[in-house]
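The same subunit A turns up in both complexes below, where it pairs with subunit B and then with subunit C.
What follows is the complex of A and B.
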């Protein structure tokens, strides 16, 4: 009996070993197939499925291999494949966070295809979006979602303070904070929340004035940057006044919306999906963001979204044809992915679609998508910077030091700028 | 003392209990901070199976972890036994070098290992998955340390009785050291079941997805459904809990080097 058991176990292990040694991926890739890496089945992966369905109609037999991979993993794969030189492991197309395009292209130029002269008309996309993907005058990505920043409020809570969404439209941050105090005094509720410590929020405020955290030479510019200083002052004022809540992470932030702990939020327009999930329906409204009280300040900015890059391992002609026909050429695609996934475009022709003009019952009948497209067309041009994430980390530390440790704003910003310089090797 | 231990136990168990409770609740209830069991378990399960290839991920994890555990236990126990029983100064020096390898973080060897795995065409395979875990300095050290408690007289008696070296290992050493094996199995299985970074890099194909990758994918979207995520976490925790409850009797003995 014991020997039989041992024999059985050995056979099972041998069987497992044989199946395990076989490669799971197909060696022979079909000519009419594209492999794509992206990360959200309900959002960008869904959009890719719809695009494939549309493309297949004019290109029978087309196959999409839609692989789910979180952004953190894609980022890690870029580094691993870039350093190891195993470029054949890249997919044809991958989704990449806007803020990461420039540094990825500059660090691993051999991983990406230059699509400047591919025939894709980049002029039809909002320049605030393509700014992210143009590196040294060359274009490396097809824009996907719209990262335009919006302010969304529950009008029923604003009404308790005698306010409407119109009171928050085209205002300065100073006016916004005064209105926030009014809401807090009347309802006891903070006006808004954001996730993390606030570096992304700060970045959005700075971009709204068409400026950057870096100067024209790419050097960090925190201490002598009027836009940044104004942004920090207003941000700290909001936190000190209790107008702004700072939950620790993304889930706590969503929790403040779900638990109705705040009157609204300020974020990229991708937050609309979450808002529609947490409800309640019919009372939410959307408007533009406050502006910095400095020359060049506007009420429009971008939180950053994502874009599609074609890799150096791609079936280039097929990948370009696919992109040109769908994300850079199909109003049907955007008409379908907007209501189903809330994916807003930065592609100009999509804005004329009737789907975008439809009033949204969830938002009290507001033509919210048309409004957001209008906001996106007013985002000032801004300069990115390959050390964006380094700056974000240090600004988070600086804000933490100011808010939690009582450090002076001047000292905190000086320390943050010095730390970024050190990390940049300056 | 008991009060302190009870508080420590409650703190340790809280995340698991929270995960199990959350697995039965709707996403909005979780975000509102509910701590009571809900009625959404079936809906969460249906959503989980609709969103992911749960069966494949579970099978892949089970296959990879079982095989990696089995093979690494065979290799490391033989190595530990060899280092101690066939003792020499050269082997001691080699053991010191092996122990030094424990000080090198995985991130430092990740890229060359990835290159090696890719060149051997082992991406997306269990063999590629197992490669870094087949022989670990920690397991070799565990077996070597515990072999010190194995009576040398038994080996000499067995040799006089005519057993060859392999038979001594299989018939005398393995049954005597079952506590050490139980501890090694528990540690290795838990490690390989939960490993994330390495398979995340080399298991590129969706067909080779494992449970930790499945959970990570669920958290990658802009709108995360925490009920579904916590159900996946609960399911992923079950095999290690079951294994540990079967082997816990031997685990403490194995870690401390006790033999029976």
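What follows is the complex of A and C.
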């Protein structure tokens, strides 16, 4: 009898263990709460915070659950949740890199809510930006920042080398590297740093000439691509000369700015939030980026714009109301996040704001945002494509092969192109 | 009385049934948590397509493996780790265990704890610490420069061999103590009088080690060899966090490559599953060989 009891208890416990694992999150979600995943507290999360504050005024009791999640993790979550079908793990709203929207919608059609007819007026957003989130004629995201690339320098460091921000304006990469050597020789400081191995940087350089890493048929085009080759040559030259630091991951990169190891940086304008945290105030100045010395080369490009998607697990009505009231409807929101974080809107009505024209004391009185808007109007059109991240991975490997392992540029690019073709199943 | 006879179990049968009842819980858990996912993984490995749009394609993924130079590279990286790290670790573990088992050693508890302590550290945590230590401005370069071994800082993660070396160093640091504990437990079962007898017969320390310690510990060495082989073939955390698989992919492990196929860029779950089953094949084959060679019972 006793043994039977023990047996029974064991089985019951095992049963409980099993059911506990499969239990759904049955907690009642507060009706007036939205969970949001995004990265960069100085930028995206800050913007969300301000939006929640504005929304709360007309919607008392609204609660924002603002979760920090690096883009790499969000990307991984999308794949895991998409494959397992456990859609209840999704938040209400999440930030997604523009280049990832199309591929995510195509690979996992169940992840995001179709918001074409939600009442959000997509015509008010810049069309080039909205295109990223339109798949088969349906809208899947509310466009956010546009990631215009800028070069930002500390003018006090440049002055030590007898240079001004004007010397870095409208230059070619060759001129830029020469100036960098001059700064390095006189101050001992590298001109700039970037994160990762350099593929994103390379992508920005290629896009600035209106070209792509893929040809018109969507095939990878690394070897016979003059713009890409020029970009690789100049990038390697910068690294070899010590003008460019490659500190590693994102936090190491921010570290080089915070520790003032470099004279400045080249990135999307989202970096302005970090720069304003790092300081020092009054000495930073912003200009356009260098151009590739090839036909069609321009001084303008974009880096890492992103958009907000409403997931299939969302409190749909609340999420739409929230987005419609804030990111697709509040000039106040953009007026506040622009100077504080450098969040440059892609929402038309916000561009009429006078905040854009104000001189910024942090940037020595420069009308930074008017300048950036001017840059944004000159960005050449470029093709995205769903294999963007595959190309980025392989270019990172190729750069490692060239910089660290001494492989010739031709061989490294040929291998990378072959690897991308392999992954695409070509 | 007679009616009840049909339900009456003998003592042996009864105990056997209870044994099975206890086993069934663990077995059920293993089936649900391990075998079912493995089965699903195998089905995945026979499918191609991206994301949620998968269809069956037979052995397509397995054929594709043979044409993937990057997978070949990661296989050879992983087998390099295996070939260097496992033997070195086992020998080191045996030596440390014999030393700790010596009667003359003071502060035994202290040494035992210190050597075992690394395996209580999280894999990601220690990988990040190692990365900091071997960074260009890290402590290893700083010390080496201060005592005059090097003039300029060496980029440890900048060449293939130094990056692989650091992964192996990390693995040795993390796992030697773990294996040593097994050996130590085995050694404590050996009667000291056997060693005394050997000493009287004139056997030196090396002979005692070869003729007594190793043979007695053979089953335990076999166990640790299989466990370390298994673990090394599935190496992941160190490759991702310590070297990032770089430079290029010269230090990337198989599991890291599988992870990338599944979670980076376009999700290739089918292909990633096929690669996982190749690892299973490797682990199974190696374990089989080790058992055949090592088990003399």
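For the reader, a short list of remarks on this structure follows.
Operating definition for what follows: the second predicted complex is superposed on the first by the 273 of 426 C-alpha atoms of A that agree within 3 Å, B and C clash if a C-alpha of one lies under 4 Å from a C-alpha of the other, contacts with A are read in each partner's own complex, and residues count from 1 in each chain.
Heads up, the rule we're going with is that contacts are C-beta pairs under 8 Å (C-beta built on N, C-alpha and C of every residue); 3 or more make two chains touch, one makes a residue touch a chain.
Everything numeric here is computed off the predicted structure, so don't read it as measured data.
By the touch criterion defined above, A:76 reaches both subunit B and subunit C. By the touch criterion defined above, A:84 reaches subunit B but does not reach subunit C. Looking at the shared chain after the overlay, A:277 reaches subunit B, while subunit C stays out of its contact range.
In the superposed model, A:159 lies in contact with neither subunit B nor subunit C.
When the two complexes are overlaid on their common chain A, residue A:43 makes contact with subunit B while staying clear of subunit C.
In the superposed pair of complexes, A:357 makes contact with neither subunit B nor subunit C.
When the shared chain is aligned, no partner comes close enough to touch A:340: not subunit B, not subunit C.
Residues 17, 76, 80, 83 of subunit A lie at the contact with subunit B in one complex and at the contact with subunit C in the other. Across the interface of their complex, subunit A is touched by residues 18, 21-22, 25, 28-29, 32, 48, 50-53, 67-70, 155, 157-160, 246-250, 260-269 of subunit C. The residues of subunit B lying in touch with subunit A in their complex are 27-28, 31-33, 51, 63-64, 66-67, 70, 110-112, 114-115, 118, 121, 123-127, 200-201, 204-208, 216-217, 219-224, 226.
Looking at the complex, you find that subunit A touches subunit C at residues 3, 7, 10-11, 14, 17-18, 75-76, 79-80, 82-83, 103, 106-110, 197, 386-387, 389-390, 392-393, 397-398, 400-401, 403-405, 407, 415, 418-419, 422-425.
If you check the complex, the residues on subunit A that touch subunit B are 13, 16-17, 19-25, 39-43, 67-73, 76-77, 80, 83-86, 89, 250-251, 254-255, 257-259, 270, 273-274, 277-278.
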